[in-house]
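Each of the next two complexes has chain A plus one other chain: chain B in the first, chain C in the second.
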Partner chain A sequence: MSLWVDKYRPKSLEALSHTKELNYFLQSLSSEARDLPHLLLYGPNGSGKKTRCMALLQAIFGSGVYKLKIDVRQFTTPSNRKLELNVVSSPYHLEITPSDMGNNDRIVIQELLKEVAQVEQVDFQTGSASESGGLAHRYKCVIINEADSLTRDAQAALRRTMEKYSRNIRLIMLCDTMSSIIAPIKSRCLLVRVPSPTNSETIDILEKVCKDEGVSAEAEIFNKIADSSNGNLRNALLTLEAMALNNEMSLKSTSAIIRPDWLVVILKMANHILKDKSVGCLVECRSTLYDLLAHCIPAKTILQELAFALLKNVNDDTLKLAIMKCASTFDERLRLGNKPIYHLEGFIAKVMCETSS
Partner chain B sequence: MASNGSPCKRPAVKRSLSSLSSQINEWNESNSGNGIANINAKKAKPMSSSIRKSSYQEPQVIMNGTQDFMPWYMKYEPKVVDEVAIHKLKLKEVTTLLQPMLEGKSNTRIILLSGPSGSSKSTLIKLLANEFVPKFRSRPLNSMTKNSQELKSVVEYCGSSTTVGTSNMNSFNDFLTQSTLRVGSNLSLLLVEDLPNVFHADTRLNFQKTLLRWLYSEDKKLPPLVICLTECEIHSNSYSESSFSVDNQFIAETVLGKEVLSHPFLTRVKFNPINATLMTKFLKIIAKKERASFSEYKWKQVNDHIKELARNCGDIRNAISALEFWATSSLEGIGPRGDLITREQSVSYFHCIGKLIYGSKELSDDNAMINDLMDSTSSLLGDNLKLGILENYSTFHKQKFPIACAEKIVDALSLSDIMSDGNLFTHLSESLEYPCRKLRNVFSTLSSTRPHQDQSPHGRLYFPRESKMRRARAKFEREADEYHDVSFYKYQALHSFKDICHLLGFYAPLIRKKRDFKKKVLNHYLSTLKNDPQESLEIRLKNKDVLSIDDEVDFLNRIGGDIGGINSAQDAAVLDDEVSIRNLSNFRNKGLERLKEAVDNRCGETENEIDDEFEFDPVVDSDDTTRPLCSVGDYNDDDDDDDDDDDDDIYEMLASQSPRKLPTVP
Partner chain C sequence: MSFPPAPQFGDSILFAKPSVSEKSFTTSQGKVIKLRRKTRRDDVAVTWKHDESYGIDINKLLDLVEASKDQKSVISRPGSKQRHQSILWTEKWRPKTFFDLVGNERTNRRVLKWLRQWSPLVFGETLPKAPSTNWHSKNDTISEDPLLRPNKRILLINGPPGIGKTSVAHIVAKQAGYSVVEINASDERAGPRVRDKVYNALFNHTFDNKPVCLIADEIDGSVENGFVKVLIDIVNHDYKATQRLISEGSLKGKRKGRKKSFNLLTRPIITVCNNIYVSALDKLKPHCEIVTFNRPVENALLDRLEQVCRKENLRLDKKALKEITELAQGDIRNCLNSLQFLASNDCSDPSFTSDKDDQSKDTSLSWYRICNKIFKRDPHVDTRHQFKSLLRHVEANSNFEKIIQGCFTLYPDVKYSDNGVNKPSMLSDWLYFNDRMFNSLFEHNGDLIRYSAVVPMVFFQHFSDIANKEDLRIKTNDYELRERQKSIADLLKLICARIPIGARVYMDRESLIQEILPLLDYIIAPDIGKIRNIQLKQTILNSVVAAIEGLGLGFGETNEAEVANVICIDPPFHKISILDEKRLKEVIIKRPALLNLILAKVQESKVKKRTVSRVLKENENASVANKRQKTSKGSNSNPIEFFKSQYGTMQKKPDNQSVEEANADNTSENVRIWVQYNEGFSNAVRKNVTWSSLWQ
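What follows is the complex of A and B.
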């Protein structure tokens, strides 16, 4: 059986659970399916951007959008290198993730969009759509996941493509933060902010899932899970399921919260750093860092979580300031450099120095 | 060698040699593809001279006249063990190892002599073999026919002997199989100098397997096998390839692999470059014998020149050639210093790092030392060197130095990483120099305040873990891809790579593992219900989600393995890893293929049919779970709390039973 996080994913706009206002907004969008604008959904991780996006498509095209398949497409770079990319698609849309394509995302995006755009969409449901004005949706949707990781180059290329093919293509871009999206793209899209659920909303959802799954739970624990998940609903549901299975389907308010192991490792490391400011500790931290990197935890996330964990453990305001300063310095270096290990270790060493005085 | 050469032609010999050695240095140019040709070119040097003389008792066939025209390093090749330029202790080590082996009293089956070129490895082993092997040969019964003197003491493996084009992957295996009977009365020493093409991964694995078979062989009496491995670093140009593998570190760890090296029946003897004292001694002996070749002017300087040569070069073959060239060249102007022509004494990787961390004995001035280093170590080492510094700076004073110093060093490294001119992969040339100087600067102020004068401050140096990390990362990525496919084809759920890294990589296997356990318990229970198919069917229906776990397909362990710290051991598990990754990729394929097929089949059916099938065919197996989510959702709506309590009861009941009883329940 699929995970609860997938099992209880709402499939239609009506079923969407939190942030009701947004749901009405999306419903009104779907009722005017004929001129759907390009969309840019932004909001923190686990707030339901993708879910909403799919629900919107479902409202426009019907449940066919959930009939997904994966095909492999080939692209050729200017340097004549063959690229293979897995593209997930339904009859009505396709989605791409820039991080799959590395530095060649400009070519992939251009080629893919051109290919899609050159095929005029034929609407087989014309009959049923006649009451909504016929030929309601002769476009195909392209979902771009993690749009904030598109290179500048690709974004610039996208700008042109969006105008040129807007007849046949609608773009729906999803991103965590808009800061790395260039202005021309923002101006061509309808910006939709998807906030993460509030704690009480998260708790409601968790309660509902527990009821459906027959998990008995004390109310207190929901609070704890919601707190630890930090507004990330995916995290909250996964934690709930892991805990429920761990505790024979009955959660006490004292049950231990199961957090992702890498986060636990970072928290431990933060404690260690503040307790033992020695070269030996630094060496131990390095091996932990290497391990985190080996598990594909982005260096930026490591730095961020580590900095916050350190802040939590420090009471002195000047020290907090110093830690933030170090973190921002090394964050920039991470971005400029290409071997994260130097910068992460550099950060730890610097923090050790700053806090030891 | 020229047969009618006149003195003025002699330098040509040297030149061809140097072109050979430059060929070695440029290996990476023509790397993997035609590696074998290069190996042969390199190995040809020692062999051509020594094979012929493998039984030195034979009278010299070469006439005195022609002997003049042999290069000196062949002419003055040691004839007895005492003449070999090697440290006494090392000589003793090898002798005490070899003798019991020849007597058959030792467990050691393979001796590995490793070291840089020109460190007397092969010369020594051949001379030793000639001295000892005849002694330990048992007298054959019909000794009249055979004179044991005529038997060769050394049997050598010639990888190059097989014709070009034919596969010689098994040639080594054949060689060993043929040689197993070289014991007793025709005892001889098996010498492997010429390796198969180890740059080709399969050939290398084959080579290693053959060695392992030899090591594990049941046969009690095996002839002694000696492997001479000339180790060298091959500087790699390509940025991405800077890992610890045979392609840039041609050393025992990468060539033979961990398993062979750590076998108790293999003994490794490491040879060092020949030290200056020994070198001077032997060069002087040669110079004395060749007095006639030196002009008066040069003879006066010869001692200085030899000293300089000995200081710069640990390669005796090369040093003799250089001496010969200097002596015989007509150029009078070449001084003892200045344009010294020897093989560039390449500073090895760890040597270089050691110099940076601990300073150099010879050059007290750090700046000069670093200048030297920057000139000699090709900038090709680049990032690898910096990673090496990062990995090893902490070994200084056994980690007993203030954190502020460490901070300075790491900060320098971090800064140097961002010193680029816009292009991500080309760093400014200063970017390497900066952390090196910083490191020396920081540590030179510290070294005067050494805390424990009595114990050696030198720690063990390690190879950077970066490459290990990269391999682990590749493994994670592969598993994440598989996870993505499994969750798509089996559960119709799409997960982005980011989510797999952050959450699902940890949670999903955890959850599935619990369910897998439940499934096993449930299956036990179901086996007790054979008499009641109706009830068994009901339970199957109610616990579909548990029963659908398939440990062949589902991930039950943390993707990418548990987080536990990557160890910095210098060992090169590289080769083993390559194999295991290759196997890994096949692990889940079968299950995945099945899932894909099932999905493809379903695509042909209409939704209606799926629903029908669902209602009339409730027997669950893993294939069934590829049903689209919507129908599953419908199904779950029917679930009520009762079912789950039921489930719990079963679970409790079975959990309370001792596992031994379970099979006996009718």
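What follows is the complex of A and C.
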């Protein structure tokens, strides 16, 4: 009973669908469970990092990893503030998400990891232990979600722990990009790139889901969905479900693709910008931008989607170059500054200037 | 024939003692009307407390005011000769009585009314009933306080500085007959020390037999919220004591109530602050009657200043006075100070007014005034000069962030010459510069932030125009944006917490906001009105229900918008996912019908699940019971039954083997049988049970 995304989520390594080579690789990792290295899985959003990670754990520890529970842990900062953090854990692993703890992730990393690392696991699965020499499950896995948002301090705190306690603890870090991971961590991990599925792979998956759910669909619509989802499988499946339910379970090649509202708004804005290059338009854009920001859409995403939408609507190559240049400039400004509205509006104004001349 | 007017409520006739001179006359209908002569009241010096009531005659009040004015002018005239004295005028002309207060009449009266509500308790008076019945009856139902105190025990006066909040509090307290105890920011206000002081003031008796009114001044000033905490403690204690009083008062009378009366708050507390939104006051606010003071109307202020000028023999024309009030922005204290300054300098000449810009403005120009100034180019002043003075203002204000934010908000609305959007695009570079400079606050101790003062000048250079008005309103989007972001983030957290954990590990914040919730919005609201095929409808509904349950969403009712009590999804995630206004309306208008269907489906599936689980459980129980029966060899689990059966077997044995009958009897005599009695409960005991009781 859940969304199709969750319903058709593979639970074991064998069931993983796309990027077969990677699956074989992970299977070979799991067969030598006692030698599991620290892992750093990286890849775009919706490519199945977490799914693979859980499947890998399942292959090593058995289906007990899906018996999840939440503990509330308390930490004390040096300034004597109490922090509360929800830690998701199973008997074999635990998960932390740095964005939950804000600036204090260093303390959490230090305390939590040390605590886990200093406790040796007692292996109750005697059957499997005898096969692999009784040492296979001595360690506990710690999954760090969104590892790219770990602060530098926290990453530094991680370094030594990873080596010192590697007997008892294995880290699996998941991140979208590796650029903000410091080099010492990278060198301690086995880097695994999880690519997003190709269009044909996405289409295969969509077809399978459709068959199981009894949705009749024309082949072309899959192509469209795969295109619009940009290799994001989660997005593709959600779109499929939304469209199927809204079109009486039968998709025609002409059915409109359902996009999230915020994306629709951005596309509209892009059209508007290219048509009407005036201050009045700028004011309207500003209110739209405020609306988007208020809905917690990250400024970076807004800029990115807006730039792509603009590129789609422009035919001239020199103009495309100019837009790209603007976008990259303002992306940097967004990163360095902390007033997104200034820079987003600045980007729009610059683009208006560039395209009108 | 004209009828004599019927005596009005509040007319002094009601209060006059029956005098000798009474007349009666008969109307045409033969009705006799008695008339009494009005007694004249000459005593002007009657204290306020005496005759203040809701039914007071307004004319008499005005007379009183006039009279008191006259009196005062008589007193103050001799003093006005000597101009150079050591008292500050702000102290000298501080209002002494209720009638001296300038402006804010309504709020002043609110303060007085609140304080009057204490009178029944403190002075043992009874308040006159208010004439307007519906208002009073409403109030009556709320206040069930046994001591007839006002509902909110603390009065919180707030407003900008210098408009007489402290004065009002003092005067009203005095007027109502209290002696004032003031605790202000100059006193030690940390924790236990202030507690003693407050308790002394509130619960002990004073020497002069007057009840005490505690005035806590400037409570927002203290960073440590120890003082506020003390106040909250008092209110909470009082609340508990009152509850006890009510419950016991109805049961046992007053005997016990007296013992606890130490906790009861029996004296009024007035608190004064400038900023009511300080976080320290958050917890206090719900216990307070909040009275907000606004700046007095300019005319009232002008009258007052003129009065002072007259009394002080200071000749200033109306224009100058007006300028002073404008400068002070309604701050009476400030006005009086500048008046005194003028008086001491004896420079009541117009040169003051032309120069005012340099004299007093430095700090008093607020950021929005500066923003307006930036966009207004003065045609009479040299641009360079204007630039200079503006720069000085901006630097003096030093609230660059606000100024720039204001300019940014304003510039699309103002008139300026430009072709296309060149200027805004150029501006973006400067805004980036500002952003970087502002960041230095976190990196280089803010050394670079002063360079931000340049950015408003860019606005001035490019966007200022003669045609612009000077009173543009600035909407502060920034604050609103932050608030909305916060509320959405909170909502997201709530939703996140309700998602079942198996699904939650696969979702992060970003994907929830950007993909799952927006698309979920379409998933749960398919357009099924047109579908004829019932089976298809059911499968779609099933999928929707699955989606809703998979994310742990529930159903609730909205109470926003025009239509109340419309069904909606419980954490209202459409607030996150929907940006289009048209679709937002649909949520309220169209969706409820669909949701009702879904709700029915959800409940159906729940019932189904429950029955299935019950059946499963029953099966399980049955199998367990079966097993147990097998293991216990057909005997029941009940201990008594067990013993019975045991006894039965024992009895049977002798039947079979009659030889050992006697022996068996003997052993059964010797064996003591222990029976567990109430095991597992707190009153579990081990006791000997007589044999016969086993058959009871």
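Brief remarks follow.
The working rule: the second predicted complex is superposed on the first by the 356 of 357 C-alpha atoms of A that agree within 3 Å, B and C clash if a C-alpha of one lies under 4 Å from a C-alpha of the other, contacts with A are read in each partner's own complex, and residues count from 1 in each chain.
The working rule: a residue touches a chain if its C-beta (ideal position, glycine included) is under 8 Å from a C-beta of that chain, and two chains touch if they have at least 3 such contacts.
Source: prediction; values computed, not measured.
Annotation: superposed three-chain arrangement on chain A; chain B versus chain C shows a clash.
Contact with neither chain B nor chain C is seen for A:227 once the two complexes are overlaid on the shared chain. Once the two complexes are laid over each other on the shared chain, residue contacts for A:163 go to neither chain B nor chain C. After overlaying the two complexes on the shared chain, residue contacts for A:14 are found with neither chain B nor chain C. After overlaying the two complexes on the shared chain, residue contacts for A:2 are found with chain B and with chain C alike. When both complexes are overlaid on chain A, the residue A:51 reaches chain C alone and has no touch with chain B. Contact with neither chain B nor chain C is seen for A:35 once the two complexes are overlaid on the shared chain. With both structures placed on the common chain, the touch criterion links A:63 to chain B but leaves chain C unconnected.
Chain A residues 1-3, 6-7, 45, 66, 68-70, 88, 97, 99, 145-146, 213-214, 234-235, 238-239, 241-242, 245-246, 248-249, 258, 260-262, 265, 277-280, 282-283, 286, 290-298, 301, 330, 333, 336-339, 341-343, 345-346, 349-350, 352-353, 356 lie at the interface with chain B in one structure and with chain C in the other.
Residues 1-7, 9, 45-46, 50-51, 54, 66, 68-70, 88, 95, 97, 99, 145-146, 213-214, 232, 234-235, 238-239, 241-246, 248-249, 258, 260-265, 277-280, 282-283, 286, 290-298, 301, 330, 333, 336-339, 341-343, 345-347, 349-350, 352-353, 356 of chain A touch chain C in their complex.
Residues of chain C touching chain A in their complex: 408, 412-413, 418, 420-422, 424-425, 427-429, 431-432, 434-436, 438-439, 477, 480-481, 484-485, 488-489, 492, 500-506, 508-511, 513-516, 518-523, 526-527, 530-531, 533, 536, 539-540, 543-547, 549-551, 576-580, 583. Of all residues in chain A, only 1-3, 6-7, 11, 45, 63, 66-70, 88, 97, 99-100, 145-146, 212-215, 234-235, 238-239, 241-242, 245-246, 248-249, 258, 260-262, 265, 277-280, 282-284, 286-288, 290-298, 301, 330, 333, 336-339, 341-343, 345-346, 349-350, 352-353, 356 touch chain B in the complex they form.
By the touch criterion given at the top, residues 383, 386-387, 390, 394, 399-401, 403-404, 406-407, 410-411, 413-418, 420, 424-425, 465-466, 468-469, 472-473, 476-477, 480, 485, 487-488, 491-494, 496-499, 501-508, 510-511, 514-515, 544-546, 548, 558-560, 562-568, 603, 625, 628-630, 632-633, 636, 639, 641, 643-645, 648, 651 of chain B touch chain A in their complex.
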